[in-house]
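Could you have a look at this structure, given as structure tokens, before my questions?
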Amino acid sequence: MSQTDTARLLIACDDQPGIVAAVANVLAQHGANIISLDQHSTDAEGGRFFQRTVIHLPGLAASRPALEASIEEVAERFGMEWSLHDTSRRKRVAIFVSKYDHCLMELLWRQQRGQLDVDITMVVSNHPDLAEAVRTFGVPFVHIPGGTGPEAKAAMESRQLELLQGNVDLVVLARYMQILTDDFIERIGAPVINIHHSFLPAFIGANPYARAKERGVKLIGATAHYATADLDEGPIIEQDVTRVTHSESAAELQSRGADVERLVLARAVQWHAEDRVIVHGRSTVIL
Amino acid sequence: MSQTDTARLLIACDDQPGIVAAVANVLAQHGANIISLDQHSTDAEGGRFFQRTVIHLPGLAASRPALEASIEEVAERFGMEWSLHDTSRRKRVAIFVSKYDHCLMELLWRQQRGQLDVDITMVVSNHPDLAEAVRTFGVPFVHIPGGTGPEAKAAMESRQLELLQGNVDLVVLARYMQILTDDFIERIGAPVINIHHSFLPAFIGANPYARAKERGVKLIGATAHYATADLDEGPIIEQDVTRVTHSESAAELQSRGADVERLVLARAVQWHAEDRVIVHGRSTVIL
Amino acid sequence: MSQTDTARLLIACDDQPGIVAAVANVLAQHGANIISLDQHSTDAEGGRFFQRTVIHLPGLAASRPALEASIEEVAERFGMEWSLHDTSRRKRVAIFVSKYDHCLMELLWRQQRGQLDVDITMVVSNHPDLAEAVRTFGVPFVHIPGGTGPEAKAAMESRQLELLQGNVDLVVLARYMQILTDDFIERIGAPVINIHHSFLPAFIGANPYARAKERGVKLIGATAHYATADLDEGPIIEQDVTRVTHSESAAELQSRGADVERLVLARAVQWHAEDRVIVHGRSTVIL
Amino acid sequence: MSQTDTARLLIACDDQPGIVAAVANVLAQHGANIISLDQHSTDAEGGRFFQRTVIHLPGLAASRPALEASIEEVAERFGMEWSLHDTSRRKRVAIFVSKYDHCLMELLWRQQRGQLDVDITMVVSNHPDLAEAVRTFGVPFVHIPGGTGPEAKAAMESRQLELLQGNVDLVVLARYMQILTDDFIERIGAPVINIHHSFLPAFIGANPYARAKERGVKLIGATAHYATADLDEGPIIEQDVTRVTHSESAAELQSRGADVERLVLARAVQWHAEDRVIVHGRSTVIL
């Protein structure tokens, strides 16, 4: 399907009668055809309502201001938060990485193959190791070394913020082995997706594969979530697991887990790229 | 959620602008609140459109005739097929079975536990073996023996039709080891769901587990589908698989497969019970 | 395969050269044929060695003392722990249950169908509710009510121990909603398998489905493990998960999870019944 | 674990008493320690016996002739086929590819990361498109164009054979869109692994994703198998599936399936590299 003249309308409000009809009418009045509509109510009564509507509107660019004005009227009536995303405008993504390359390469590769609807505008790393691998894809690689102590960390984050602010719509931590400060996450001005190498909330924190081996679990997994100030506690976007046995060492679990990590992160980034993920408190709604 | 005063509206028509708005308006005019709405278009342009809407309408019984009249007006305008299902009216189900009990018991058991929203009104079998197991659940068991040759078959089907016609909304073949005639399927007056003990279209026909063993497959599966005149060719509702190894015999594959069969069939029947399954040519849309 | 004259030999010792040959020689000298042999070393060097050997020995009962004497010689040489299990002697199992019936029914039902190689000799419950359902299977149901306070608990455990000691080879907690005291677990004289309704170590403790919903996980699971004094910390035998979405309520997660629980518990009990599970510290080796 | 001085012994013979002991004794006599041992009998009685034994033997190179002579004696006694593979000698692999790159890239990438224990010595293609992508990995890319008609085909295969004979231990068809002639497969002198883009035996032949869409299946899959003269009928090494819905187009199924293909093929090649796969008639035993 051509992406021209299509857009995604996301809305969220307290559940109440008449929302679907009101939105559908506004769209119909402006000549927008509904390509798909997904909605979710958190409770049968008294809950929160979410809707994602993909529309096709010939001459979208010209019609957009009038459409937005009409949506705003409905939104005020229902107490709605809303946003309208032109599907032809791909999100600009910065990937943060340290030395592990599997998640990074999966994203670069899928993007190149047309399976990831984003623009990867830069890769930022605290190590120089992956520069060549990244530049092969025609993507800028920026090495911002860390250092020891809070001052070096502050300096590093300050340089990262200069680079990112206003320039990216999404930051992806593709096994970036540094903890971001709360201040950094607040000032970055874009959502941050992290991949954690365990099935959260199992094995929160460091060395999950070693701890999975020690605990003798029969499945290992990975979790993609929005990064928040609370480490490993942000809203979960996607998770998956794979079966393992007693015969696999911690190193083999890590290798097996790497395959889960890259697929889980790729799915999460793609869903975010398609405006399918709505944060609701500590959890997400995927529409 | 209380099921009182809720209903499910299914519609299908050629895709065209304004369907969602038109339906939502009719519902709003009659005071029906949309609890959930799922839709699917087979193509971006020129395809078929399907929608399932769950509504809440206080005083549904009294308001229903007027609502139906309004829906019919919209339906004529858009060339829609539609149906409105009161969620408080559970479907009446007859289960056909031979000697294998695993699928039968799963359905009886889930129904008893409140996990299957149907009324199981009778179990029909060509063997007497499972009579007591069925009657323990308070469900009538009717033994209609088969026989040899087409005349005996016709007599059996004639007795079955007497029992079923007008009395059931769904027939479930829970490993019923007899082939139904086309005539029977046409005259039965209700949809028929069959469980096939393979991942169709692999191993169409008899003895799939023996053939799976012989072929050395690494996964075995089961398929729930609507029965049509073409054996094993009806629209697929649900499928699943489980991993097997070379060390498992054909008998063990059969035992492992039985667990997949009963879960797949239970899901398919539950989805049908919730009016989630719409047949589209040889396939299904699950809303 | 006929189970007559077959046995399972389990051995565990520090890894060292020559174990497999020594054991195979003893077996060959006594005319025992190796039907299957599985082994595992925890490390390439300096680890622990485990082996499960299924043998066929015509006239097993008569030959057993001499065979055991020879095995003991080898065992002393290698510092081996070992046990020899006649496959014709099925383990005697007591199932503990409260009010939830899904895990209990799965075990009773599989046992009846010949898919669980144990004898279920009694079901013990602190509630009378499931008496009839159990007795339908010809299995004794013993109601030992609990009570309030440590004295009532001690009295209940005392009655349970009278019933169990010497009479059972395995106790299965099939969603038994009481915490066992350390003293009880020590004195029971048989291993205890528990089913926990989460993917441990995620959601250790009470109400895992509610907490899974609150945390917004995308998969829910179940864990079968040996019960130890540390609640939910015993060696894991089996785990599995199923995918869920934001649209499912905590009650639906519980219902979905119940299907995982019963399959996971049934697999764990069957593996234990086949002497496949060897405890190694906090984890298990499944041979 | 260091791979030095380790080897894998594969044996196959008619099942009979004493095999395990005889082999273990030979190994013990030569000072070889058994690191792992896996065996499989196709039937409890009268079947075929397979065993894979990983051994550690200090000074393997020097001791090998004597060890082989002793194994040969045992082999003659039991009518065994056997082979002994030095783990330090990695298999030389040629990858055949046309225009799709996903399976090729997965193999190159895993090999580079140390997750695929083979040497990729060349990539052969009937199209020039992927030359640069391959050479980036330091692997030779050989473009052997096809042509129209049987003579061009024979010329192409002749050039391929010149390149391969004596130079490779394994050929991998990584979505190579040409049919190999029986003659070519016979003369190539190395096993050939193919990836088929369906869950065989469902959708044998061309365009499986389009046919899966048309048939409305709920899972799509991929199959890695040894290529034989009968297209898509060779012994299956590995298979997997992924869940799909009615909302995915045939193109999306193809994209989703590509992820399954690359993981299935990578697992199959790795198992072959570790000498885990033994062909038994039309099926395989994975030890």
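Letters A, B, C and D mark the chains in the order given here, with residues in each chain numbered from 1 onward.
Everything below uses one rule, namely that a residue touches a chain if its C-beta (ideal position, glycine included) is under 8 Å from a C-beta of that chain, and two chains touch if they have at least 3 such contacts.
Note that the coordinates shown come from a computational prediction; the quantities given were computed from them, not determined experimentally.
Same interface as C-D, judged by over half of the contact pairs sharing residue numbers, among the pairs B-D, A-B or B-C: A-B.
Two chain pairs, A-D and A-C, are weighed by contacting C-beta pairs, with A-C ahead.
Distance from the chain A centre to the chain D centre is 37 Å, each centre being the mean of its Cα atoms.
Chain A and chain C have CA centres that are 42 Å apart. For chain A, the set of residues that touch two or more other chains comprises 40. Here chain B touches chain A in the complex through residues 1-2, 17-21, 24-25, 27-28, 31, 33-41, 44-45, going by the rule given at the top. Remark: chain C residues 101-102, 105, 109, 113, 115, 136, 255, 259, 263 touch chain B in the complex.
Those residues of chain B whose C-beta lies close enough to touch chain D in the complex are 40, 199-203, 214-219, 221, 235-236, 238-241, 245-247, 280, 282-286.
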